[in-house]
Amino acid sequence: MVDDTIRIEGVGKYFGAEPNLVKALDNVSVNIRRNEFFTLLGPSGCGKTTLLRLIAGFESPSFGTILLDNKDITTLPPYQRSVNTVFQSYALFPHLTVAQNISFGLEMLNKPKHEINQTVDEMLALVHMEELKDRRTNQISGGQQQRVALARALAPKPDVLLLDEPLSALDYKLRRGMQIELKRLQLETGITFIFVTHDQEEALTMSDRIAVMNEGHILQVGSPDEIYNDPQERFVADFIGESNFVEVDIVGKASGASSSGSIRFANSKKSYPVKIPANKKNDKKALVFIRPEHARLDGKTRGATLTGTLANKLFFGTDTNYHIDLDDGSQFVVRAQNTLEGGFSPAVGDKLGIFVDENALKVLKD
Amino acid sequence: MAKQMTGGLIRKKPFSITRQHGFTTIALICFFVLYAPILTLVFYSFNAGNNLMLWEGFSFHWYVKAYENELVQEAAIRSLIIAVSASLISTLVATMAALGTTRTAKFKGQSMIFLMINQPLMVPEIVTAVALLIFFAIIKTFTGYYGLGYLIAAHSAFCVPFAYLPIKARLDGMDLSLETAAGDLYATPFRVFRRVTLPLLFPGIMAGAMLAFVISLDDVIITEFVKTAGQDTLPTYMLGQLRRVITPEINAISTVLLGISLLVVTLFFLVSRKRF
Amino acid sequence: MSRTLSALEQEQIRRKTRANWLLSTPALLLLLFAASGPLIIVVIYSFLSSGNYGGVVWEFSTDAWFNVLYTKDIFDDTVSLSDAHLSIFWRSVQLSFLTTVLCLFFGFPTAYFIATRPPSTRNVWLFLITIPFWTNLLIRTFAILELIRNQGVINNSLMSLGLIQEPIRMLYTDFAILVGMAYVYLPLMVLPIYASMERFDFRFVEAGYDLYASRIKVLRRIIIPIIKPGIIAGSILVFVPSLGAYVTPRVLGGGKRLMVGNLIELQFGQGKNWPLGAALAVTMLVIVMVALIFYVRLVQKSERNHG
């Protein structure tokens, strides 16, 4: 059995009242394993921060139960939960020094003086801030404030560390550095990290598992690879990376419990064997999703999965995106890696064929 | 290059986006008009002669005279007692009220509390003064108490909004996540208040107390109506002197009061700008 | 589906509301005792009979309210409109209005001037305008008194320059009251306008010039409409205390040129007609409240317009 630190069971959070009722979180259930780097990913307003605040205890759920190590903590105030938060704005106490900020939680737990000093020194070393320990928090840079916020939240050695978009205020370079740093801290401390972000790239590079959220629901939970390559719903596919969506006819269906079937593109005779989701079994049409880098362009149109004319080329350094107007009027994007040799380089207005392998075709639930 | 800058080019004054014709002139006149009378008053307080218009040389004569005047001494002490008590009381209750009305979801009766607290700013002072005269006259006949308590109560009350405003402003500007963070780091609500809220709020409380002090020290109308005979404060003493021949003694007292106000207001400016 | 709060949420809200009220209670009690509560007694007093030597007799009477507007001839009991009271009310409104206009004329350019200073010196100018605001109103009135007296600095200077032969009589006139009130209330006009100006985005002005507006058009069509809330706030902040002014007209009007504030005081002093004084106070309060409601309406309207 998998060892869970946090169990969220049927939790919801509503704000306001009818008719202005806002369902920030609606009947969410998810288990978070011990020592994993778990990310809540979604657009702003999807409920990810609300879920984080419910786990921290800053707000109480309208219904549902939250368990920490199998103990019900739903009604416990934040100061009785072994859960610490790194705030988006860092929330460093401006009237205290760096070291005083880090020792705050330990003092509140009434730890003995020598233990506090020892832990503070450890934490300062962990985040490389020994030099600046007597500075006020407004006298250090944004990246340094970030480190202090981390050290402060880690110092009491909580069971779970909650991180609310902690990197969003940093510039790109610093953010990449902190991503590596965070991953290192998580491995070194062995604490469960719950990380909230709207940045899909950040989520994919750092997480052990990701929960994609939208409109108060968790749509899919899985490893970065699963989320990227095997999204179950259009929203997940659309939110993470670039995607093409094409409507297809379901032509062949296996009977019974088997999920295999086949699909056919419009104006094409060729059929492709694919997995058909259970809820699509009796439908005639389905939506297929294709990553731009999983399709290939060619000057010949014969035998192509789809055909169209090149409308635009966008150069991205490593890749080039080709925007193609399909014959039925919809748009399709193909990404090809750039090589020094040059290779196939069509011009705007060229008639092209798009080739897709059958294993790159995913039929979505909706 | 240098030639271009100094040389024969006749350049028009560069176009300024913010300029409006005559505004600077009016503004400078305004500042002059604001300060000229006060400075004249201060200037004549150092006049050696007993005359307000003829300058007879520099001297501290009128300051000494005012200092030796028993009535002035008593009024000054009374003014200080009232101003200190009123600023302490009003700051205490205003701090509590600010904590109760700021950074909270709308609750029943909130706008009523706002209205009550800001009432002294809306009702003309003369109306409040008359109301207190009547009300305290009733209480005086019932209790037989004629002490300074009435003045202190009245001053405390009209100082509340002045103490309240900077405290509320400070609270409004305070990052709510700081207290959330303290709670997250195992501080109980009381310790959150003691260790985070209060230290952060302190400059606002100081600013509120200073404003209340100045407002109380300067009050004329309410004091004039509420005081029992022989309870003059410095401002009402000065008002009473109007019926007599005005000597530079008044200027000397005024200058001292101005000095106190200036000092407190400067401190207020420094404190309320404090950002840790 | 109707929404019910969980018991936990409800309990939290209840507890928070109770704490908010408990925290506000001391302030409310203090204000009720020494500010708001007594106002109710004033209303009651305005319906009582006057005592012979001040105070009241506890008998219901509308005489005081009658006397606010009308006067009864002591010889033949004929009733006529009370010229004295009405003219004092009218003069108070006029003087307050003129004070407001005067303050606006000087205050608006001053606020504009401060707001357009570079940030380094802006606070100094702001501080300079704030100091008079926090210094004793009586002292500032005294300062004006000493300037405009017959033997004051102005008259003495003019005479020694030979411009006039004998002092111009300025003290104890409406002019003196007007100058005094404009002087003491000027910072109240500047500060709210400055608060609006400070947030004003001069890119609007750049856009205006870009679209061929002249300076005066930029002022009239862009700046003034946008900072209107500040102008309204400043005007009300000057108008209301002007209407209730007591110290300035007493010192500079010398008890001859009365305003409503002095008329009220008179009833509690020499007049010994407390009910009439109470009725006059209530009348003033009503006028001020009407002005404040008018102000709130204006602000709401301009907020709606700017969405």
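Going in written order, the chains are labelled A, B and C, and every chain counts its residues from 1.
The definition used in the following text is that contacts are C-beta pairs under 8 Å (C-beta built on N, C-alpha and C of every residue); 3 or more make two chains touch, one makes a residue touch a chain.
Predicted model only: the values in this text are computed from it and were never measured.
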Comparison of A-C and B-C (more C-beta pairs in contact): B-C
Chain nearest the global centroid, as defined over all protein CA atoms shown: B
Chain A and chain B: spacing of chain centres that average the CA atoms, whole Å: 55
Chain B and chain C, separation of their C-alpha mean positions in angstrom: 17
Centroid distance [mean C-alpha coordinates] between chain C and chain A, Å: 59
Partner chain B, residues of chain C touching it in the complex: 13, 16-17, 19-24, 26-28, 30-39, 41-42, 45, 55, 105-107, 109-110, 112-114, 116, 125, 127-132, 134-140, 142-144, 146-147, 149, 151-153, 156, 183, 186-187, 190, 202, 205-206, 209, 215-216, 219, 240-241, 243-244, 246-247, 250-251, 260-261, 264-265, 268, 274, 277-278, 281-282, 284-285, 288-289, 292
In the complex with chain A, residue positions of chain B that touch it: 175, 177-178, 180-188, 191, 195-196, 199-200, 275-276
Chain C contact footprint on chain A (complex, rising order): 14, 17-18, 21, 60-63, 75
Chain C residues within the chain A interface of the complex: 1-3, 5-6, 8-9, 12
Complex contacts: residues of chain B adjacent to chain C: 17-24, 26-31, 33-38, 40-41, 44, 52-53, 89-90, 92-94, 96-97, 99-101, 104-105, 107-110, 113, 116-117, 119-120, 122-138, 153-154, 156-158, 160, 164, 211, 214, 217-218, 220-221, 225, 235, 238-239, 242, 246, 250-251, 254, 257-258, 261-262, 264-265, 269
